[in-house]
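Dropping the structures in below, format is structure tokens.
Two complexes follow with chain A in common, the first pairing it with chain B and the second with chain C.
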Partner chain A sequence: MSVVSDVAITPEPESVRSTRRSGSVLRDALSLWRTRIGLVLMIALVLVASFGPFFAPYSPADFAGPPFTAPNSAAHLGTDYLGQDVLSRFLWGGREILVMAALATAFGLVFGTIIGMLAAYSRNWLDEVLMRAMDVILAFPQIMLALVAIATVGPKAWLIVLAVGLTTLPRVARVTRGAAQPIVERDFVAAAEALGVPRIRILGRELLPNIMSPLMVEMSLRLTYSIGLIAGLAFLGFATSSNGANWGTMINQNRIAVQAQPWGVIMPVLAIALLTVGTGLVGDGISRAAAGIDRGRSTG
Partner chain B sequence: MTDDRSAPDVPSIVVAGLRIELTGSGRDVVDDVSFTINPGQVMGLVGESGSGKTTVGLALLGHARRGVEIVAGSVRIDDVDVLALSEEQRRPLRGRVVSYVPQDPAAALNPALRIGTQLREVLEAHDFGANDGDRRDRVAEMMREVALPDDPGYLRRYPHELSGGQQQRVGLAMAFACRPRLIVLDEPTTGLDVTTQAHVLNTVRDLAGAHKVAALYVSHDLAVVSTLAERVAVMYAGRLVEVGESSELFANAAHPYTRRLVGAIPRLAGSRELIGIPGRAPSPGSRPRGCAFESRCAFVEDACRLELPPLRALDEGHMVRCLRAEEVRAHPMPFAGEAMAVSMPHGESVLSVQQMSAGYRGVTVLHDINLDLAPSECLALVGESGSGKTTLARSIAGLHAERSGRIVLHGEELVELARHRSRESRRRLQYIFQNPYGSLNPRRTINQIVRQPLEVFGIGGSEANARVDEMLERVSLTAAYASRYPDQLSGGERQRVAIARALVSRPDVLICDEVTSALDVSVQAAIVELLGELQKSLDLAMLFVTHNLPLVRSIAQRVAVMSAGRIVELGAVDSVLLQPSDDYTRRLLADTPSLEAVQS
Partner chain C sequence: MHSGGIWGFILRRTLLGLLVLAIVSILVFAATQALPGDPARAILGRSATPQSLAALRAKLNLGQPVLQQYWNWVTGLLHGDLGNSLANQEPVSTYLRPLLINSAFLVFLSGIISIPLAIAIGVWGAVRRDKAFDVGSSLITMLLAAVPEFVVGIILVVLFATVVVQWLPAVTQVPPGGRPWDDMTGMVLPTATLVIAVTPYVARIMRASMIEVLESDYVEMARLKGLQENTVILRHALPNALGPTFQVIALNLAYLAGGVIIVEYVFNYPGIGGALVGGVTNRDLPVVQALAMLVAAFYVALNLMADIATILVTPRMRTTL
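And then the complex of A and B:
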């Protein structure tokens, strides 16, 4: 009986609530303190990473004193294992991580969304093929796959971006497919099909705008993970250059003297922690706003 | 509990001065609602969506939805004021003294528990019966009362193994299980087809009468209420506007709103145009100081706007909230518009379905369908849910791939999927969906939605703008709607947008799939009125799919009756509805609730 769906459906306000426009979701998200705090953290660290080098007293490879000197008037945060200025290296060290994390996230998000929407919309063998392929990638831990790729080819920036993006992709695809599946069944998609609207336009105009809220949550979540992953790879020694100024690399280089000269470790750890907490809070705020948690309920 | 029944004419339920507000805002959702129900009596509570009828129904259980609160009034059930009790004291009353049957039976039953277990649970929760044996007997008795099998095998079934009607009857059995004093039924037959609906309604009436249970039947469907309830209360914008015997109300209503509502009900006898009620009910917070119906009323005078008319007694047991009730009543009831001139179709068929069968994954649900649609003809396709009428409509529209046979539009044979059809045939054949809440993309403006077909068919620029504006005007939406989003519109307005989208490309065949089933009666009448007018003025051939038989009268010239995937009867509306030749059509007609039964 369920195959013939002509039972009268009485509209309920809940279904209206779940289809709120993404603009109003962002506005609601901004009214939450967690989103505001997250956004402030994110913006502050992005500013440090992008404009920090202009304020750095030394070039990142310059010597500012003997190794592991405590903070003094010449080097405000002391020096690192080679005697380079910790403050300068900290100010230089966010760029690479941030740019690579953003690129990797964008890569994973764009292709993951396309694959997820295609799978949800096709509802046939293509859905199976795409999602099983995603499962194969998912079967490997993210960091393992990245390590194997880098160990094979070498620590190239494009490879790190590609490896992190590729492992982000199936996670985004699954979320997209899940969010798009109920939308695909809605009548306005059928209405577009009956008109003969090209498939690519149905995906872009009917489907995509209706899954923007979960995608925005996914974006900040994936960005958080990518930052952590790329910093982690750098910590393990897989950065573009072995002595490049990079928060992840810095932690590894200076951890041996963490008791004598802790700043070389504290600063990058703090930066990575605050950045990931910031993006995480923003994502959480958006998802709460989209789900309608924390909102005074209005009568339908 | 079972012996001290009071005399039947002493009300067991007394609701007085009920006021419910949006929490914290002081805006009234419901105000000044008072009525009584006698034991064994079914009282109908009728109103459009947003009138507050469900809110009142829930208040009888002492419950308020999130966001609203009961601020004043009393609900006395046999001298116990439900509203004066604490939540702790109220909980044991629910199910035992007052029970509730929700709209969707599937949502009310736990899908993971067998129905026998769920029925016993109700009895156990209220310590009904001395021991397990007693309760088992009572469960069997309950099943017999709602005309379901009482064998253990049936009781071991899960809710999903029952049909919608059976699920709703299990819901009724649960509600009646502890012999409550009051039952609140919230549109329990909305999702059911007419035959199942008739069974459920009979069960409600018999049980309420036999066990002296007072029942409040909340519904927007006047025809259903008229067959079931002895007394009816009509709600409008949060207040009762008329209360009376149902026969009196339907034959001789004294409030202009009730009269328009009765006029909006399609009739089985006589082809009549339907007349909708123009305008919209004011929402909480924007309700006028005077009579809330003032802006839509033909009898309005200055006094109506000054202050709220009181609910006053007109006759014995007939209350009305209108200053001019006597004058209103002196006018003849506006039963419906003028009789329609029914002309039989002529000319070559524009759309022809030949020997079509269709199915889902190998299961055939449509068998050998033959159907012709003449130019400017409206052909109604009626049948219960599951009869295959939507599958037929979707096959024609190119949304259902698994079919065989031929569909010919203007001599051109159509392939299965719309995507592969010629642009011209897609333009000439348009489809309107059942549920306007699902058929409009919530992320696009009304303008973008209506413009979409033009983009697909390569019409742009000023021509497209002009056509969109013209079409919105034809469906009685002002230009101000163009920049709004669907969620800012009411159900009726959304369906108007869907109609505009279907007609903007100037098709000559229009398929309407249950386009009014998700709408209120008064809105339904307005939509049917609009479709009828557009069909005539634009010279459309229309296939009107519906499960509402009386509606067929108001719009179609010919009707096809479908049952189990076959067309069992096809002919002029008059001959099919007045002299049905097929048994199935006769049964469908007999089960259809109608006002005629009350009035004769």
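And then the complex of A and C:
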């Protein structure tokens, strides 16, 4: 019941109780228009970020004209604060954010799931110790912990991934624990225990498949927040390179002249907004599908 | 739960909160110790001279044993002595106090707008579930909750302060010695950004909690007794929704405390967010440590108060103590 638990944009608590296999939830989610639109947005932005650099007319640090030039035939979206080509930097600018956000989300998801399952399964002092340790990490806003880490070591890529992953971890652990608790009480877990199945196999084979749908919702939700957080850190000036092509960095560099040359701001803003809206829509679709399956089962 | 009644619960939760803060203080302190090699050299970087290194080592008390350093720092914290800023040599408390007041004002302003708004949207959506308002508000809040705060802020700047129309200032300009609220037009965009960032998220949680209350046994019971829907909602559902409401208010304020960091930077607002970003850029560790502890204390206190308030207003939970 703690405040910082972040059940967040998952709309229905009952989604947590889904015991259907992940496949049918995904199929149901794909029949919702919001999931489809979200997927299209996500795939489009991932394609831009991954293959954009191959189509960039300039290399991201190349000089393409005087600073803040309006769009022209040499630079289709104009130039930025140093006279670099906005279009090229936009095409280069998603890679770092996407890779780092994906790694941070994976880190938080894997360890958060393990800790949450262990806590739910152990039902003893270990549960208490693990969840209180999570409370310590939850005593900061996500961005605060990342900033303290950066103040200490500097804006290194591994550190940002680790800090964002570490702050994602307790949020995933809480959801996992909540979803796993009712499963732990089920007969098939007791049966596996009676048969002497090793603990790790019970967690992996009995527990994990039954909490896949809340975990899939968590995955898209946490990816959404990690993208926002990592782009936000870059916006604050904490990216791996001070003049690296990064959507967050671009917004900060070019916002002083947004009136004269808005493209250097508008393109990366649109990219981040559409990407996060896309992952958000996918997450909402999955959580609706999971909740819908549950409701269908309870009434019929 | 254990025995001990309400007071036992409050005592246990308070002690747990203090324990969390104590561990947080160790972690935040460890940040200085985690600096690779010589912390003084790491902070000063290439501009270091032997004199400045020696002076900084003395200031950070690096000669003393680690435990002694931690103890000095923590007792200083408890006495309100946060050390001196490495960047401007001022005591951190003197430097941060006016900025803290400015940030508190921004959080307060955003809170009194976003809290009632979020509760209203959430409750109305839950009561009129799957009707037009609910479907529309659920979709809009979901989309807005996904977009990062600073992107919302920049979009508002593009729309209202620069590219589209120029009705409002793009940054909060405060003359020396002045306060941000001297010119309220400068408050509009930072407040609007925070409200747009926090309201959707909190409204969704309010809606989910309210639905849980509306689907609960006692509301079902009241309906089956044939009570009017208004009576059901006002007399039976609402009192039980108070607990979740406290949680939501605390969540709202907690979110604002985090969101204010980046939103202040967007609008150049003179508050702790800007100070924190500056502190991180300059590796001004005393400032960063002080702000980290301050925000952690705010979080833990909010959590504690919300949990206690929830227990006090929820009869069902009081009896399980």
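We take it that the second predicted complex is superposed on the first by the 274 of 300 C-alpha atoms of A that agree within 3 Å, B and C clash if a C-alpha of one lies under 4 Å from a C-alpha of the other, contacts with A are read in each partner's own complex, and residues count from 1 in each chain.
Keep this in mind: a contact is a pair of C-beta atoms (placed from the backbone, for glycine too) under 8 Å apart; a residue touches a chain by one contact, two chains touch by 3 or more.
Because the structure is predicted, anything quoted here is derived from the model rather than measured.
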Touch test for A:A61: chain B only (first), chain C only (second), both, or neither? neither
Tell me the contact category for A:V197 with respect to chain B and chain C: first, second, both or neither. first
Winner by number of chain A residues touched, once chain B and chain C are compared: C
Which of chain B and chain C A:D187 touches, first, second, both or neither: first
Looking at the overlay, does A:A44 come into contact with chain B only (first), chain C only (second), both, or neither? neither
Look at A:P209 in the shared chain and tell me whether it touches chain B only, chain C only, both, or neither; answer first, second, both or neither. first
Just to be sure I read the superposition right, which of the two partners does A:F235 touch: chain B = first, chain C = second, or both, or neither? second
For A:L159, using the defined touch cut-off, is the partner it touches chain B, chain C, both, or neither? Pick first, second, both or neither. neither
On chain A, which stretch or stretches are contacted by chain B in one complex as well as by chain C in the other? 1, 3-4, 7-11
Residues on chain B engaged by chain A in the complex (per definition of touch): 22, 29, 65-68, 103, 163-164, 187, 190-191, 193, 284, 360, 363, 365, 385-391, 397-399, 417-419, 421, 423, 426, 430-431, 433-435, 437-444, 452-453, 456, 485, 487, 491, 501, 513-514, 517-518, 545, 547
Using the touch definition up top, name the residues of chain A that touch chain C in the complex. 1-4, 7-13, 34, 132, 135-136, 138-144, 147-153, 224, 227-229, 231-232, 235-238, 251, 255, 258-259, 262, 265-266, 269, 272-273, 276-277, 279-281, 284
Considering the complex alone, what residue numbers of chain A touch chain B? 1, 3-11, 15-16, 19-22, 186-188, 190-197, 199, 205-206, 209-210, 212, 296-299
Touching chain A in the complex: which residues of chain C? 16, 19-21, 23-24, 27-28, 31-32, 34-36, 138-139, 142-143, 145-151, 154-155, 157-158, 162-163, 170, 201, 204-205, 207-208, 211-212, 247, 250-251, 254-255, 257-259, 261-262, 265, 276-277, 279-281, 283-285, 288-289, 291-292, 295-296, 299-300, 302-303, 306-307, 310
